[in-house]
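Next come two complexes, and both contain chain A; in the first it sits with chain B, in the second with chain C.
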Partner chain A sequence: MRMKALTGNEAMAEAMRQINPDVVAAYPITPATEIVQLFSSFVADGRVDTEFVAVESEHSALSACIGASSAGGRVMTSTSSQGLALMHEMLYIAAALRLPIVICETNRSLSAPINIHCDHSDTMGSRESGWMHIFAEESQEAYDSIFQAIKIAERAYLPMIVSIDGFIISHCMQRIDMLEDKEVQDFIGEYKPHHSLLLTDKPYTIGPLSLQDYFFEHKRQEIEAMMQVAPIIEEVGKEFGEKFSRHYGLFEEYKLDDADNVIIAAGSAAGTAKVAVDEARDKGMKAGLLRIRVMRPFPYREIQKTLKNKKIISVLDRSDSMSTMGGPLFIEIRAALYDTETHPPICDYIYGLGGREMDVENILSVFEKGEIYKKKGVEKKLAFIGVRE
Partner chain B sequence: MPKLMEVVKNDNLFTSGHRACAGCPAPIILRQALMVAGPNTVVSINTGCMEVVSTIDPFTSWNVPYIHEAFENSAAAISGVESCYEAFKKKGKIKKDMNFIAIGGDGGTYDIGIQALSGAIERGHRFLYICYDNEAYMNTGIQRSSATPYGSHTTTSPAGSVIPGKKQKRKDLTEIIVAHNIPYAAQASPAYRNDFMKKVEKALACGGPSFINIISPCPLGWRFNPDESIEIARLAVQTKFWPIYEAENGKYKITHKPREEVDIEEFLKVQGRFAHLFKPENRHIIDEIRKDIKYKWDRLERLERLYSD
Partner chain C sequence: MKQGWKNLPIGCIIEKGGSSRDFKTGDWRKQKPEFIKDNCKNCLLCYINCPDGAILIEDNEMIGIDYDYCKGCGICQKVCTANAIEMKSER
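Our next item is the complex of A and B:
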């Protein structure tokens, strides 16, 4: 193992280099541009064997990826924000065609107003497209998760997004323990697809018109595949941990065992929240953090078990659902808790839209509010942090 | 022209049993293209008539590998397939030579898919794009496209009491493609079978991106009898409404020049979509169409002469 100081984007690009996919079709977009640039230089310098397709849009990027994956290749791309939104139509098609494509994503807000900084509205907007999704907290996890994503996707025949917070992580330098190229290749193994468009002696029709008589069965199978994928994610995470001593599950618990005042977060804010947990504990609160790592499939059973006896749960959402019921994380966690007998009190905080700073004090104030809610009950179901009212 | 005795052996690559309308020439076009391309061919197709009629799950008319992704991206899709082929070839995972063909109607090609097409041919992928141009969105019920000719009635450019059909002139997509400086671009007509199949052969052999825009008269949308499709495709060429020509490495050649002048009215009057143009108050539209045809033909002849030495 060797150590390197890398930004989140560099770490993701290095992971792509070590995977050495057959085809990468990608279009640059801030703050993920660097990933595409670096990968182009790997191609130009002969450090990968990949066919790099410098497409004219993200829509064509994913369309070309779907073509290449249907031809039997190991295929990756990278995007962010508007790019992922432009891919939206093709996200559903990639998932329904059961193609194990992996996207290295940097989370950025969606226009309007146009903004290049982090929030989670882009990937949250794609959460019903049939893609598995990992929110990495920082660059090391992103780097490690991309190898796992390849393996999980190719085993489940479902595509996967691994995302990091734009700029906060994508442009932040961090120490990365890198794997050797050979270790990566041994871990991911050779991709052996079910079928390929290049097998002309076994011609295959992909993407037929499927109406009332067969469409439902296709979708049912896709739903079933997603239902069966959580154990695969856990197995692959475990295997990675055994080999490389960094362990990953569906979510991360930080000082959660004895906690009664719990924050739930995804992405880089979880790092800040860990500091806030420590400070809150210094102040005598039984604070803890549950960090959502896998957003799709949503690990609701495990979350139920972990949270059912907590006194107050505060969810931090870096996007809103526009349902007026709160952010997407809140809605899903609340739904998961419906099946518990304890129905722990829960509230939602929308924070950090368009890259608005979220600091330790902000999170401490959430824990402090939690102490009040513990005694008096939840006064405000949905609140905003750090916004001018 | 590829040897007929050879190509007919490939007659089963696009099979019968599809659900195209009676008289639709598009399946003929696909079958003839695949006869030339042969079995080592991958097809990608845009959403549209030929996609809908050829692959109603669990049936398929395609005896070659086939992919349909969405409405606008058959060119992007095939660029991915071809890139994967190149990757596998480099790694020695595949040895055979293969053809790549993307297909779209005029809606998926002139309009919603022009960006993906422009991008894919600019990048130089080795594939042939065939546009079967029936001059409107026929799959959704005859709505105007940018390929719909001036004055034509469609359901979104209806011939009304104030506006006499489509007010805009059609886009010259073939010339837009030629401007990409690709090795081969052509226009064709299913009435000139040998000409079309020869163009497919040349396109597939050119070593880079190629494009064929082939007129595909639609009995339903153009309003004529289903047994007249090929005759109307012939009239389109004879009246110079749809010149068949090629630009090979930029070198223009009109591949069929009508021996006699046939007036455009002969083409217009046999189609219901132009019936309103024959009212006295609309005849100026026919004059305008006639003028545009002459301009385009003269221009093509000049381009041909420019490259004739």
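Our next item is the complex of A and C:
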């Protein structure tokens, strides 16, 4: 195993190089620019066999990916924020056509006001598009998850987003344990498309009209694919762990077993939260963390089991849902807990919008509030961390 | 028999090419073109302009309209220089 110091973007680009996809169609956008830039230099230097399509927008990028994937290729792209928003229309199409495209994404806020820094509003806005989604906490996980994403997507015939927090991870240098190119190829294996437009002796029609008489059946089939995919994600994560000694599941538990005061987070804040858990435990709190890794499909059954006996659950949301009920993570976890008999108390904290700093003290204050809520009940269902009044 | 979701091919596809032939768009029609053979000079302007390929030709002569696919747009009647096509209400 080789060790390298890489930024999150470099790690993602290296993963793409080792995958050596048939086609990459991409348009660079901050803070994911380097992924596309580095990958295009791999193409120019002849280090990959990929057909690189330099397009004029993200809508075109994903459209070209859909075409290439329909032709039976292994296809990847990369984007962020407004780019993912511009892909929105095509996201649904890629998913419904069951094309296992993988997007390397860096999470960045959506305009307005214009901002280039991290929050989760971009991928959260795509969570009903039919794409699977992994929030990686840091670069090593992102690097490892991209290989798993290829394998999961191609087994389930569903597309997948792997995202890292913009700048916080994408531009942060970290030690990466890299796999050998051959290990990557052996792990991902050969892609066997369900159909290929290039096989002219087996012609098929893609994207035909489906009205009142068939649309519902087509969607029902897509929903079923998403319902069946969680075990595949677990299986591939386990296989990766057995081969390379880094284990990945649907979510990560940190000192959660005996914890009664629990924080839930996704992305880089979970790393900060782990330090806060340790400090809270030093202060005598039974603190723990559940880090959401797989956001789509949402592992609600497993979350129910894990959280049903906790005394207080504080969700950290790096985006708001504008429903006035709180952030998307909070809403989904709360919905998952509705089916428990215990109905553990739960509250939401919106934090870090537009890249606003979130530090250990902020998270410690959430644990401290949790201690009060444990005794007195939740006073404030929805609060905001680090915003000026 | 219409298929249930479990029996449909993956990805909303149709497992053959040229499947638009099976999609009879004629039932969208509200106005129906009627061919008056006696007036026709076989200039074939209707054939060139029909967006649905619904003008039937045999030995370079216009022989009628394919009502399986004609949507009744009336372009053939508009371009006809010989009053050989008349639009009538479908019902």
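Assume the second predicted complex is superposed on the first by the 389 of 389 C-alpha atoms of A that agree within 3 Å, B and C clash if a C-alpha of one lies under 4 Å from a C-alpha of the other, contacts with A are read in each partner's own complex, and residues count from 1 in each chain.
One rule holds in what follows: contacts are C-beta pairs under 8 Å (C-beta built on N, C-alpha and C of every residue); 3 or more make two chains touch, one makes a residue touch a chain.
Just so it is clear, the model here is predicted, and its values are computed rather than measured.
Chain A is touched at more residues by one of its partners, and among chain B and chain C that partner is B.
In the superposition on chain A, A:Thr205 contacts both chain B and chain C. In the superposition on chain A, A:Ala96 makes contact with chain C only, while chain B stays out of contact range. Contacts of A:Arg47 after superposition on the shared chain: neither chain B nor chain C is touched.
Contact with neither chain B nor chain C is seen for A:Arg155 once the two complexes are overlaid on the shared chain. In the superposed model, A:Lys308 lies in contact with neither chain B nor chain C. Of the two partner chains placed by the overlay, chain B and chain C both lie in contact with A:Tyr214. In the superposition on chain A, A:Cys65 makes contact with chain B only, while chain C stays out of contact range. Note: residues 203-210, 213-214 of chain A belong to the chain B contact set and to the chain C contact set alike, using the contact criterion stated above. Interface of chain C with chain A (complex): residues 2-6, 8, 10-20, 23.
Residue ranges on chain A touching chain C, taken from their complex, read 96-99, 157, 194-195, 203-210, 213-214, 216-218, 220-221, 224. Those residues of chain B that touch chain A in the complex are listed here as 39-42, 44, 51-52, 55-60, 62-70, 72-73, 76-88, 90-91, 94, 96, 98, 115-116, 118-120, 122-123. By the touch rule above, chain A contacts chain B in their complex via residues 22-23, 25, 49-51, 53-57, 59-60, 63-73, 75, 89-90, 93, 196-200, 203-211, 213-215.
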